[in-house]
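There are structures below to look over.
Shared chain: subunit A. Partners: subunit B in the first complex, subunit C in the second.
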Partner chain A sequence: MSPQGAQLRQVGRSYRISLPAVAVAALGLVTLALGLVFFVVPNDANQGFSQRIFYFHVSIAFTAYACFAAGAWKALVHLWKRDPLADLESYVAVHQGLIFGSLVLITGSIWAKISWGHWWLWSEDQLVLFLVLFLFYAAYFMLRFSVDPGPQRANLSAVYALFGVVLIPVSFLAIRIAKGFIHPIVFTRHGPNFGGWILAAYCVSQVAMLVLAYALYRVELAGKRLDERLRGLREVLA
Partner chain B sequence: MTYLRDVGALARKDLLLELRARDTLPAMLLFVVATFVVFHFALPAHSSQLAASGLLWVAIVFTALLGLGRAFVPEREQRVLDGLVLTPCDRSAIWLAKSLATLAFLVAAEVVALPAFALFFHGLNGSTVAGVALADLGICTVGTFLGAMAVATRARDLLLPLIFLPLAIPIVIGGVGASVAGSPARYLGFLALYDGLFALVCWASFEYVVTE
Partner chain C sequence: MTTAEKYVTGAYCAVFVVVLVYVVIIALKLTRLEREVDELVARTEAEPAEAERERTLVG
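For the complex of A and B:
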């Protein structure tokens, strides 16, 4: 096999679960989660109907963290093993993380408006942290797309993605201690009384979001790999 | 030991270059004083002293950004970086030396800027100065690293503020906390933690920024 052919084969990687199966699972789980959240779970005693957004807001936030962590892990794999596919996987994971991160900002903003009457609250740690992460990862895309494709772009992206996993805990800590001088804690939320249907609904929506993110990740990755393959073929023909 | 000697030689090169060309430091000095004047007019009369303390940190971060943007310009223009990467020394020495040089510029700018701030606005307490010193370390280590990344891109100077500011937010939080909070110790501790963590990450991964 020619070296180009070998490289083309490298671009592909077989997964144990096929993409349509993942997509169908995501659809089923999201439908189930919607059903549970809107029709089964009882209204929250304090916040009423609007509290239901919590099931999605929290599970989306967790999913975004998972995507960023996966992106950083793939970045590490890339730096370690020089695997060109790992760079692509890292990029796609960060991209999904940014999409879910924007959803966290939107759902959090809606929740804040309904619960406290403001679209934005600096006293909400999670929301502020996601704003910082949003800025950080949006800059990741600026960085990535201002370098020509190649090993250097892969390296710079990987290093920046690794910075992200250090930045997440550091920013979290920073935002926590910033309360000492920025805002006294005005709003205290009673810990949700977990149990029964509430726990079940939360778990289902969490799994649904993770599977959905994974399905989107696979779809995007398949597209990017197709692009790569096409480019490779063009180079072979040229 | 050779590592430290390499770092020393590289840092001396940058300082010598600045001493002869005087590109960066005068610009930083002028910029920071001009910023203070802008802030004076941006703050309405009877604004609290706390607001001025916060703006001090804005000035420091932007002044540092000015210096960091220039840090790798000589390397880029004269293609020195290729030569440096070829030399038989640890690549992280390039980052450490450049960080030390930018730190020297930033400290030199602050030696003028902090008294100017005290003159224009209000006096500074010890914890603010300690906070500035700790923040300088973080700004220069992370900023130099990102500066090396930015010069490798097409966008160059445009990109550095974009990738640097999100990472500088924790520094600003720690710094402002050290300036205005009642018990600055935890904020200073946080700044030290930030410096240590990010210095470690930069030191470990700089090689991948300058090599392919």
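For the complex of A and C:
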């Protein structure tokens, strides 16, 4: 078999759960989460109705961290096993992380405006560190697309994605090590600072966001794989 | 609608819009891929017909 043909066979991975099933699960869970957030959960004693941003904002933040971590894991797999698909998976995971990261910044800014009276506070370590993490991964795309496709680009992207994962615990722990913060802490060493319906709604929202991210990841990956296979076919036919 | 309700609605709409834009971008990409597949299919169908015609002319 020609190298192109071999590459075509390599580009592909089978999944236990089909993409339509994941998409339907994401839709169902997001609908359930919205139902709980707007019709079941009571108003917060301190922040009132505006606290409802919390359910999606925090869930999206953890999902962004998960996407960046998945991107780093796939980058490690690529460097370790030289799996050509792992590079593509790492790229798609980082892309998902950036999309969810932008949502964290948007929803966070809206929440900050209503709670603190400002869209953004440069004095808040948690906010600035998340922005640093976001910009670091935004630069990943500049690096990736400044190098011609091939093993060199895949290796450089993988190393960069691996470096970025160090910023995740820093960003997550910043709120705990910072002094004089106003950003609320919802998870302490003793568990979450809430219970009952609030905890249930948060858990459903978190699972919904993770499944949504996974569905979008699978859709984008399927598109990228199709693109790769078409490129291979064009080379074979040329 | 209170100010808090407006902001919360804005936040959830922002999430919806970003996901929607993403889906539209992916849909556009899939349309492009579909067009490319059609072009490749047309090419593979045209090539044997062309070869057959050349064989007929030579013969």
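Note that the second predicted complex is superposed on the first by the 206 of 238 C-alpha atoms of A that agree within 3 Å, B and C clash if a C-alpha of one lies under 4 Å from a C-alpha of the other, contacts with A are read in each partner's own complex, and residues count from 1 in each chain.
In the analysis below, contacts are C-beta pairs under 8 Å (C-beta built on N, C-alpha and C of every residue); 3 or more make two chains touch, one makes a residue touch a chain.
These figures come from a predicted structure and were not determined experimentally.
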If you stack the two complexes on chain A, which partner ends up touching A:L27: first (subunit B), second (subunit C), both, or neither? neither
So, does A:L212 touch the first partner subunit B, the second partner subunit C, both, or neither? second
Have a look at where A:C203 lands relative to subunit B and subunit C in the superposition and call it first, second, both or neither. neither
A:I110 contacts which: subunit B (first), subunit C (second), both, neither? second
Considering only the touch criterion stated at the top, classify A:V77 as touching first (subunit B), second (subunit C), both, or neither. neither
If you stack the two complexes on chain A, which partner ends up touching A:A69: first (subunit B), second (subunit C), both, or neither? neither
Just to be sure I read the superposition right, which of the two partners does A:P151 touch: subunit B = first, subunit C = second, or both, or neither? first
What part of subunit C is in contact with subunit A in the complex they form? 2-5, 7-8, 10-12, 14-15, 18-19, 22, 26, 29-30, 33, 36-37, 40, 43-44
Can you name the residues of subunit A that touch subunit C in the complex? 34, 48-50, 52-53, 56-57, 60, 99, 102-103, 106-107, 110-111, 113-114, 212, 216, 219-220, 223, 226-227, 230, 233-234, 237
Listed in rising order, the residues of subunit A that touch subunit B in the complex are 79, 132-133, 135-136, 139, 142-143, 146-148, 150-152, 155-156, 158-160, 162-163, 166-167, 170-171, 173-175, 177-178, 180-181
Seen from subunit B, its contact residues with subunit A in the complex are 149, 152-155, 159, 162-163, 165-167, 169-170, 173-174, 176-177, 180-181, 186-187, 190, 193-194, 197-198, 201, 205, 208-209, 211-212
